[in-house]
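Sharing a structure with you now.
Here the chain labels run A, B, C and D in written order, and each chain numbers its own residues starting at 1.
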Amino acid sequence: MDRLLSLLLALLQPLALLAAAPLFTAVVGRFKARLQNRRGVPLKTPYRELRKWAAKEAVVARTASPLFRAAPYIVFASTLLAAAALPVWETASPGAHVADAIVLIGLLGLARFMLVLAGLDVGTPFGGMGASREMLVANFAEPALLLVVFTLAMTTHTTNIGAMAAATLHGAPVLRPSYMFALAALLMVAVAECGRIPVDNPSTHLELTMIHEGMVLEYSGRHLALMEWAAQLKLLLFAVLTVDLFLPWGLATRMSPTAWLLALPLLLVKLAGLALVLAVSETVLAKMRLFRVPGYLTLAFLLALLGLLSHVILESAP
Amino acid sequence: MNASWALPLAGLAVAAALGSAASSLLAARWPRALTVLAFPMLGVSGIAAQAAGLIALASGARQTTLLPAGLPGLPWHVAIDPLAGAFLLMLGAVLLPVALYGPGYVRAFRNGRDSLATLGACTGLFVAGMLGVLLAADAFLFMLAWELMSLASYFLVCFQHDQPESRRAAFVYLLLAQVAGLLILMAFGVLATTGGFAFPAMRAAHPDATWAAIAFILALMGFGTKAGLVPLHVWLPEAHPAAPSHISALMSAVMLKVALYGFLRVVFDLLGPPQWGYGITLVVVGATTALLGAMLAVQQVDLKRLLAYSSIENLGTVFLALGLAEIFQAAGHPAMAALALLAALFQALSHALLKALLFLGAGAVQHGAHTRSLEQMGGLLRRMPRTGWMFLVGCLGMSAVPPLSGFVSEWLTFQAALQAWRLHDSLLRILVPLAAASLALTTALAAVVFVRAFGIGFLGRARSRQVRHAHEVGDGMLAGQAWLVASIAGVALFPVLVASLLGSAVLQLTGRVPGSPGWLWLTPLGPTTASYAPLLVLAVLLGVGLLGWVVLRPRRGAPVRRVDAWGCGYAPPTPDMQFSAMGFAQPQRRVFAPVYALREGFAGSAYEVVAGDRSWSWIYRPLGALMDRTADLARRLQAGHVRRYLAWSLLTLLLLLWIVS
Amino acid sequence: MIWLLLAVFTPLAGTLLLALIPRARMAGLANLALSALSLAGSLGLALRVLHRGSLHGHGFLVDPFNVYLVVLTAFVGLTTAVFSRPYMEHVHLAEKRVSPAGMRLYHSMYQGFLFTMLLALTTNNLGILWVAVEGATLATVLLVSLYRTPAAIEAAWKYFILCGVGIAQALFGTVALYFAAQHVLPPGANGLDWSTLYAIAPQLEPRVMVVAFAFLLVGYGTKVGLVPLHSWLPDAHSEGPTPMSAVLSGLLLNVALYAVIRMKMLTDAALAASRTPALAGHLLMGFGLLTFLTAVVSLHRRHDIKRLFSYSSIEHMGLMTFGFGVGGPLATFAALLHMLVHALTKSSIFVTVGHATHIARTQRIERIRGLIRTQPAVGWGLLLGVVAIAGFPPFGIFASEFLLLSATMASWPWLAPMLVLGLVIAFAGLFRNIQPMVFGTPPVDQQAVRANMLPVMLHLALVLSLGIVIPAVLSNWLGAATMLITGAALR
Amino acid sequence: MNLGTLPLVDQAVLVLAAMALFSAFALLAQSRLLAAIHVFAWQGFLVAAVAALTGAASRDPHLYLSAAITLGLKVLLIPWMLHRLLRRLSLERQADPLAYPALTLLAAAAIVVFADWVAAPVAQFEHSATRNVIAISLAIVLLGLLMMVVRRQALAQVLGFMAMENGLFLAAVASTHGMPLVVELGVAFDVLVAMVLFGVFFLQIKDSIDSLDVDRLSQLSASIERDEITEQRP
């Protein structure tokens, strides 16, 4: 019974995330629109777009190789698998055993690897440009993310995300300077990784500044649908990751539906909060010049490093 | 099959390698000798080495014998133990595919002016030298085999000696190999002062702390030169591109590991008690090497140079892991040390297979498209699909993404580094996480390196005529690569089994086995702390991907419509409008500018950017200039005037008389 | 004794005989035959010594130390004679650089030189040793100037004057030695007999002995090529005919070093009880190291191939001197082995260099290119020779350098880095010059010549096998010599 | 030591040795080649006389033979050969002035002092009266070497070389009453051959550079190797 339940959980949590991903993006957009005194698009728009793309004919450039057509599936699958590693409302997530935090980052790396290759495949200047910039972002964002995970792993002595969350839940609430730095770093990384302002602007096709859109410019139809869905999932994934690592209070630690009932609304509140934070920051900040992006990313990396060091220096007396 | 088979099998491997060298000599008259004799014998050698290594690892015992050769009072000691077995396994695993690949590759040289006999003979000697290093159990035989390895590979680097850069590369290579050899010799000299030159005597004797530290430094510099540690790495990016590709594969995949083996043998086996000071040195050197290697790899245009710098990076991470092992061992955490050491060995094995695959792939590209320059490539995936897809596997592996083998070793290293909280010394507690941070940065850079290599080289559109007309290589060459892909898949998907094999070498050095029960879940620190199941990862990836494909498959079954690429409404983009290799790496060049010796300007009609290695301008060129100045000074002694010579004679006599009186 | 006479006096007879043979072709063959005869004699002698111990009497003394040098000398003499036949014919007939009279002189003096070498090695009398070494100078000096070019004459003059002066200093040392001995020995005993001297060496007056040793060291050291007394050596090597360079490097330097070592044995014994018991050893170490380091630096930025290798000879003589200076069984064994392998390797290198200069028709390094393409045998011979001389295994020089380094590490660890540094510099110097000569694309006018690579292959094969295994015969032999020199057995 | 206590023969030996030393100085300072040859012959004569006198004192017939050989070789044969060469090369009027005469003579004096200092411990073990001759012979050897250093004429260098031989012979006679006969003969033979070879070389050098100035024999210096340096530097 327990095994079945846990298998169900393993399937249910990522599927829930997958299902909620377009919604989360829409919510962020809605908040943002409201903050900018606009009405914004309906919340179901992303779902309709996905359906529309999936139904449409896929057009592929003559110069594209088979990799171009395989990439969306791999990107989608690996992002979904990464999401499966996250405990959503229940810390004892079975997915977290298949893939711990480091594997999660690795899977995101795999997704990005294929995404970038897809961008390079057609051989247009935009694709190359987007790819080159994406790798610049990855160059710093990925290690910074790893360092964030390390900081928590050093405190909780595990790299299993569920176990991390559980450890934070079980311990007395402590104000840790290292967590502060790590949280700041994680948020900055998330913004960069998901291609949000101020690093990238998801709603523009101004070719000189775009990153993510540059890479997927040649995609259409079902391929585009998968790519976009994966991107939306990634944004939600980072939000849930933030929740799991830094705000796990409320997560169910036992496998019981009653605990889930408490956990789910709390999760929604937390996610909504994060969406609001993202919307506010996107509203008050302007997109950076590309030359400034390395500075931004270096700052994120440094913050993560500071988190790690402050953990070693301040928090863990030998 | 019992343990006593290991040594005869290893002997067979050496004999087959020597036989391959000897039979290659026939190639001067009969070029097919290479195909029908030399390469099959290399394959036999590879299989025998693999078998010997497996037996040694499985049995966990040491077998020793003496051969009646060598110096008076110091016959050749030959031994095989799990540590040697682990590296024999690596060697054999690479040698066999190289033997498959070789005949097709050397066919291109058949009509050249370079002697195939030389190529084959030196290859055989090179392999025999490497095997000898792994099997030697006394300093003299070790050095003999070591230098044989260096010398034979020198001739191989010099094989295409019409090209000045080959000659230069070979010279730099042999010079640094000589430096390395002598440093290692001195390290053995220090170790031998108390006992003798046989390894058992060295193991039994422990030099005092100062001498041990000196021996450590000597060994680090000596083996580090061969392993490509910064700043002693400069030979590597020169020599690898110059050698024929199957040789580059052997050099990068195996020879660097042989250097690693030597270091492990001396420092972890013979030197005596571990010191955390050694560990710190290793971590710092390893991290620096890894970072610089990756930073420089990102800027290379020559595919093989890029791979060479990537090898530097990988060896850096291996040494970093070794440093962690040393630190934990010295701090009294043998289980953690075992984990770090396992990470190092796993990384070595994984890198051996991956880098061999990539070099063979680069050789195939050179064979099929006649270029090594990324700036001329593009779209090779369509011209050479099989090579291309296999190259992609290599690239993914080197970028350390799951579920490939590069990720496993990285994951293990991180897990070891995350045990820093167990340490008591505050310096170490800071250093180890910092090392992990630099490793994280390195890994990210490695991903950039290989995205760029594959994306620019194999995707997009051809940037030159010869690449546009590239052709796929023959079956033998593909078979070699495919074999490696299969091995990589095995190592990547069944890391627990590989870890338990390598574990016997770890046990020998640290006294602990880093165990994971079962075969599916890699859980070296217990299932709740960290776990990784690559087979499941792959299964899910494939499942989801297939599911997506099935679900989204177009109903009417119409083929995908092909159109021109989007050109913003203008004419379709031309190949020249693609991002170039140097353009792709421009952000990194800007961010890490101080690391590079940048040179920009017009070279003929093309604008050229070169991001060079500062080791040359900071260390080696000044040294060379100093050497020349000293030589000019010494020439003054030979002034040409007989009276001055006589005056020297008189003065020497007077001085000597004054001294003795 | 028959063997001894055969070995030593065949060349003397040859000197006279060849002076009478007018035809160069026949003289070359006769030269070969005589050298072979001498080698046969020396082998017989060696077997005799091996089986029945040292041979002593009639003014001769053959012990394990010198008998191996005798065999070496006769062997290199023979192989060089093999090489010299086509080489000198080429010089004589094709290049016309030597007159028929010159060829006669050459062949006669070749044997004369061998005679002096063998005499110097086998004699028991230090005075005769001196006479023979001086005789070697006299025999070779005219050969150095054989080509009669201004440079050759200049080189010969310098060789003559410097070695003459050096050898005069050695004579003064010999006189001082004799003087010291006369105070110990009863009247009538021959105070210049080495065996007699060695027996009474502990009683010799230390203060006289040090002065004597100083003179002897400077004297014979000049012939060894110790810096700063080495200036004659590159000149004489580079300007003389190449077979001469081969035997000078391979034999003369060894014999001079042999003389120095004999003197050191006496001095060590005499000084054993004094305040500075290891003075001789320290002096040798100092000279050896200075020589070695200066020579390795001089290997760089060379333009004449034969000068290059003469510096390499100086380097190796420095190394051996250092090894003997370190003393102790291991270092001495290493130095003895080094004498052997160096002589073999260096003479083979000079043989290939001789062919290389004929191929390129110049001795200038910059103009010799791509030998491996023009004539693979010569190219590979040169390359492998240099690989061997640079101390790469599996060649024998590696074995001796390995032993020498480990002996140094054991007793003078702080000098080992200097040796290592020197070896690296030497390697770099050799290879930066040799590699472009061997590899690359040859100039159009380079043409293959008739070359006899047999001596080269023979020598290199010997050196190679010595690097892999030192046969028991040889190691016993060297061990006995080590025992003789240091008084202690190897391990 | 009190000279007065010595027998007359020994006193004579000392006087002759002192004169030989003086002749070494004279040789060093003498710039005219012809005169220098004469001085050299006189030196040979003095040395031979020392040998003869020592032989007389010690009743050693072997020394008479040595004296005779020296007389024949150093006083007659070699000066005669040099004379002939001088005429043949038309160098009779050739002078070879020292560059720094005062300095050279000062150095020579210093060398004599040094020789005495070096020889002092050696001489202590000699019981005969002639022990101090060792210092003088050493000085003569060193002065001969000095002469070779300061003289530019090849012929003058040969004279220096021969003067060294004289010093050596004196040393042998004074300290050990001569070397064994076979050695003496060998040395004499070598010196003779050397002289012949010197003669050959003079002719060759004269042919080659039209002079006997050894400073012009400096082709084989580092500088000739320097003209074209086209090496690739790693």
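Quick notes
Everything that follows uses one rule, which is that contacts are C-beta pairs under 8 Å (C-beta built on N, C-alpha and C of every residue); 3 or more make two chains touch, one makes a residue touch a chain.
Not measured: the values here are computed from a predicted model.
The most distant chain from subunit C is A, comparing centres defined as mean Cα coordinates. Which two chains touch most often is answered by the contact tally, and the pair is A-B.
The centroid of the Cα atoms in subunit A and the matching centroid in subunit B are 35 Å apart. Between subunit A and subunit D the centroid-to-centroid distance comes to 98 Å (mean Cα coordinates, whole Å). In terms of their C-alpha centroids, the spacing between subunit B and subunit D amounts to 68 Å. Centre to centre, using the average C-alpha position, subunit A and subunit C are separated by 77 Å. Residue positions 164, 171, 175, 628, 635, 638, 642, 646, 649, 653, 657, 661 of subunit B are each in touch with at least two other chains. Touching two or more other chains at once are residues 157-158, 161, 165, 169, 211, 234, 301, 432, 436 of subunit C.
Within subunit D, contacts with two or more other chains are made by residues 118, 121, 145, 148, 157, 214, 217-220, 225-226, 232, 234. Chain pairs that touch one another: A-B, B-C, B-D, C-D. Within the complex formed with subunit D, the residues of subunit C that make contact are 59, 125, 127-128, 130-131, 134-135, 138, 141-142, 145, 148-151, 153-158, 160-161, 164-165, 168-169, 171-172, 174-176, 178-180, 182-183, 190-192, 205, 207-208, 211, 234-235, 238-239, 301-304, 307, 366, 432, 436. Per the touch definition, subunit C reaches subunit B in the complex via residues 157-158, 161-162, 165-166, 169, 210-211, 213-215, 217-218, 222, 227-229, 231-232, 234, 279, 283, 294, 297-301, 333, 372-373, 376, 387, 390, 392-394, 398-399, 402-403, 405-406, 408-410, 413, 416-417, 420, 423-425, 427-429, 431-432, 435-436, 439-441, 467-470, 472, 475, 479, 490-491.
Those residues of subunit D lying in contact with subunit C across their complex are 118-119, 121-122, 124-126, 134, 138, 141, 145, 148, 154, 157, 161, 164-165, 167-168, 171-172, 175-176, 179-180, 182-183, 186-187, 189-190, 193-194, 197-198, 200-201, 204-205, 207-209, 214, 217-220, 225-226, 228-232, 234. Listing the residues of subunit B that touch subunit D in their complex gives 164, 168, 171-172, 175, 620-621, 624, 628, 635-636, 638-643, 646-647, 649-650, 653-654, 657-658, 661. Contacts from subunit D toward subunit B in the complex involve residues 111, 114, 117-118, 121, 142, 145-146, 148-152, 157, 214-215, 217-226, 232-234.
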